[in-house]
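Shared chain: subunit A. Partners: subunit B in the first complex, subunit C in the second.
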Partner chain A sequence: MMWKSIVYKEWLKIRWFFVGYTLLGILGIGYLFLTVKHSFAFNGGKNTWNIVLFLGHQFFSPLKYVPLAGGLTIAIAQYFPETVNKRIKLTFHLPLGENKILLMMHAFGSISLLLSFLIFFGLFTGFSLIYFPVQMVADSLISIFPWFLAGFSAYFLVALIVLEPAWKFRLFYSLVGGFFLTIYYTSAVTAAYGPANTGLFVLTAFLSIALLFSAHRFRKGEM
Partner chain B sequence: MEKISRYLLVFIAILTLAVILPKLYWMAFEKPVRKPFILYSCINDDFMIHRISEKTWEDTKGNPYTREEYEQKLPMMFLKQLLSSGTMPDSIKGIALDMRDITGAKSFFRLKVNEIDAPAPALYPLFESQSGRAMLDLPDDFFRITWRIDFIDAATNKVLEEKSQMFSGALYQKGFSFPAKKISGLATPRKSIDEGYLIMDSKDQLFHLKMIKGFPYVKKIDVPEDLKFRHISCVDFKNKDFYAYLFSDKNEIYILTQDDYKLIKWPIDGFEASNCDLKIWGDLFNYTVIIEAEDHIKTIALSPDYQVVNTYTENWKLKEEQTEGKIFASLFPAQVSMTSDNSKFIRFYFSLSKRLNWIFFNLLLFAIHFIWLYRRKAKFRNHLADLGMVAVCGIFGFIAIHFFQNKFFE
Partner chain C sequence: MIECNNLTHYYGRKLVYENLNFHVREGSILGLLGKNGTGKTTTINILNGFLQPRNGECLIFGENTQHLSPQTKAKIGFLIEGHIQYSFMNIRQIEKFYSGFYPNWKPAPFWELMSKLNVTPMQKISTMSCGQRSQVALGLILAQDPDLLILDDFSMGLDPGYRRLFIDYLREYAKAENKTIFTTSHIIQDMERLIDDMLVLDFNGVLAQTSVNEFMGSFKRFDFVLENDKADLKKASFVVNLDKVKNKVELYTYSSESIVKKYLDDNNIKVSNFAQVKMELEDAFIGLTGKY
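Entry: the complex of A and B
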């Protein structure tokens, strides 16, 4: 039963941020495809395809930082309140393993983020298939995939940084985290990330338990 | 779990530092290599070298020239300048110069190394080759080759069934084995005429496909059995001597002659498609083939019938061999880059430093960490992995383990 209470507590913290972010993201995708529709109407389908295929136009580029914004929003909404007056200490007094509780909270945040991202990914794919053949859509998905991974990484990294008790180390983690995120954003031609995406997925998965490290330091009272 | 999470963080920090620190280092200290501009002179049968940064002009024997003298040695290249200054000769080597002949024979081709290892476009436009119009129009539909060839209308995003069946049938009848491995053509209306596409099928057979009056034209090209092409670049030169430059997997350069589809191998040595840029200047008297590698430039002059008439090579130091490169190798054991000059793909490009000077710096950092642990009276057996990471990963490992500290045993 305990997990239900934890999920409810986490939901209370992030609900408006989650709903607001998801709605904004959906609006963003709506805007993206308005630009595509506009391009089809004014330049014609063949010219739109031509600039996407041969002139390096990336119609999906407005999406670039949308997942990153989501990761930051959910992480701050979920973990920042825990650091006010060190409220997370209360959580650590619950009759459950401390790591288990943290991972439950983290899984809840990750699944919420995943839900938003799946909605965006699905809408993007669906709308794209109206205007472009499946091969062009597949190439676009290869390019946007690392941006979604960056969203998850940002979520995991912010959790790590917010829970870290010492300001000096918060700065160190932010430096590494900030530079690490740039790996997902190397500017490249469409579909260039194909060979890197699996590796980036694994690295993102590695980061998913990063918060256990700073939470451990928090419990130990590192300063 | 906490220990695992720390090691994963240390790993990510090492990777990030191995990407960022070398990148910042080279941004600060890399010196550009100013490659000379070299062309073959039909006047003095020697290569003329323009060193752009030094503003000097010379031949291969080191004889200096003024800019005007240099340009007069290359009348095919600096035609307009010589005409305006009245120094254009009437004939060269007994051949009277005709403007139409000169411009008709002029050609320039460039292949950057990263164009070969790059994502291929998903679809291509097939132009009407004999529209009767002076300018080419971008077609309304684009094609892809999967288990057959599909033409898709861009306005509706729907497959044009009749056209797709007609072209698929024509390819199938000529023995095309679906799908295609490589599709090469000039996918732009900004060309003099359309010659369609050269397409390599799944069995490495080569086909020429174009559309004439709405109908397919398919020609299977005879290719020797042991010859496989790694890359094909179609060209649109005024003289219409050949359709394309073709690059074999053995780094040979071929041309495919227009209309009679003969593959002619050029006598070019020293080209490596995986790490060389290629430039080919053609004119009435010669082709100058310029191979630019990381540490040298090789130029080969060919006669109009593609025989070698002269070669010239110039070397320079790799950046690893320059002072900055030596300092780099003293600091960093390796570098990871997400991009490469030789590819358009994003990968984790890992390169070990070519010298081993970094070992000393690694040992120094190892000693510093060792003393740091000693002063804190830490048990060394709890820190063996960290010490190992400093020894192997050097500065990257040192920073990573101090950012994500091992305090599980205190």
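Entry: the complex of A and C
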């Protein structure tokens, strides 16, 4: 019952942001493949493949910051209302372990984000396979994977920052977090992140529990 | 039910209090009184596990408040200063949300209170007045049916009507159900209607912990006019507080009229218009803590 209540509250907070972001993302992917279709129609398939394969054109580059925007949106929608008037106190007072509640909230936000990302990933893969061979699509997916990880990292970092009780720490985390996110966007070469994706995935997974530190500081009464 | 031992806390280098000890007995309504900055909200935060004291500990139902178990938290109703609740919800949603956490959830008191408000079930809490929000917060606590209620400045932002409604509803509920309440408020008249016991904090320590009846029975105010306004009364051991404007004196003490008069006679201090003045709790509070 308790987990249902938590899911209910989190859903109330993020529902319009989630729906809006997911719809915008779907429209964005639709627009992306309209431009690909346009390129096939006007430049011809051969030329388009040539530009993508040999001139390094990344037809998917408009997607670059879409997951990042999602992570920021969902995190702010979910955690900002908890910090207004220190409402997080209400959450911590619920009859569950404080860390358990936070991790349940976090899991809900992460799964929502994952759902959006899976829809985007699926649509991207499906549309790509209409226009490009499997190998090119696989390389594209390797290239966009870190961008999706960046979306999760942004979500985890914003939770850490928003729940942090002291402004100077918030500022510090923001600067470090902003710098940290650049590692997901370092190389523009298609499939260059192939060897690094596993490491980035593990790093992102570790970041997922960072908000517990801010929560611990809040409960100690740090200001 | 609540026991705090040797609490010491600082904000940076500023001492809030040192070796503060108090307890709250089961079934009582205790008001934590004190001027701004004496540590009322600090104490509430320590009790709710939102602040780690520099030294000492508080126990609720025998558990250290820094590590309250979910079972113990379920027995504590908590009102945040300003009647803060999840304002992005409407009253139907918030009742549904909280009911999932408490097996003994009693929706009837919540809906009874809501029926007194001029709000619709779909109206968001953020669009309600402060008074209406106070009733939502109170209704949720009553529905939770906790054994202990911790209320942080329940008067804040409420007009006199809502304050009266809040107090009367709360006291009737607490007495009928044998609940324990630990509360703060900066409006002492409200406390007078509500509390049985009082704990008065001053800067750095406790000025009084007693029942309101006992305090009001023993704490006295004597007004008189000095013939010689240079006379110094502050040295008298029985003086708790002294407010002197020119030759007019308000003297606060736990001692009897005869002891005060004897001191005046023994020290050859001539006075006129000597009278004991009847006090409300607010007068006595100001007398005890001073105006500044």
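Just so it is clear, the second predicted complex is superposed on the first by the 222 of 223 C-alpha atoms of A that agree within 3 Å, B and C clash if a C-alpha of one lies under 4 Å from a C-alpha of the other, contacts with A are read in each partner's own complex, and residues count from 1 in each chain.
By our rule, contacts are C-beta pairs under 8 Å (C-beta built on N, C-alpha and C of every residue); 3 or more make two chains touch, one makes a residue touch a chain.
Quantities reported herein were computed from a predicted structural model and do not represent experimental measurements.
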Combined model on subunit A: subunit C and subunit B, fit or clash: fit
First (subunit B), second (subunit C), both or neither touched by A:Ser5: second
Larger contact residue set on subunit A - subunit B or subunit C: B
Partner chain in contact with A:Lys220 - subunit B first, subunit C second, else both or neither: both
Partner chain(s) touched by A:Lys13 [first = subunit B, second = subunit C, both, neither]: second
Subunit B versus subunit C as contact partner of A:Gly30, first or second or both or neither: neither
Cα-centre angle that subunit B and subunit C span when viewed from subunit A, reported as a multiple of 10 degrees: 140
Subunit B versus subunit C as contact partner of A:Pro81, first or second or both or neither: second
Partner chain in contact with A:Lys46 - subunit B first, subunit C second, else both or neither: first
Subunit B versus subunit C - smallest C-alpha distance in the overlay, whole Å: 8
Doubly contacted residues of subunit A, that is, touched by subunit B and again by subunit C: 220
Residues on subunit C engaged by subunit A in the complex (per definition of touch): 11, 45, 48-52, 70-71, 73-74, 76, 78, 80, 82, 84-86, 88-89, 93, 96-102
Subunit C partner contacts - residues on subunit A that touch it in the complex: 1-2, 4-5, 8-9, 12-13, 81, 85-87, 89-90, 92-97, 218-221, 223
Residues of subunit A touching subunit B in the complex: 40, 44-50, 53-54, 99, 129-133, 135-136, 138-139, 160, 169, 172-173, 175-176, 179-180, 182-183, 186, 188-196, 199, 203, 206-207, 209-213, 215-217, 220, 222
Complex contact set, residues of subunit B against subunit A: 1-2, 4-6, 8-9, 11-13, 15-17, 19-20, 118-119, 121-125, 138-142, 144, 152-157, 187-188, 338-339, 344-348, 400, 403-405, 407-408
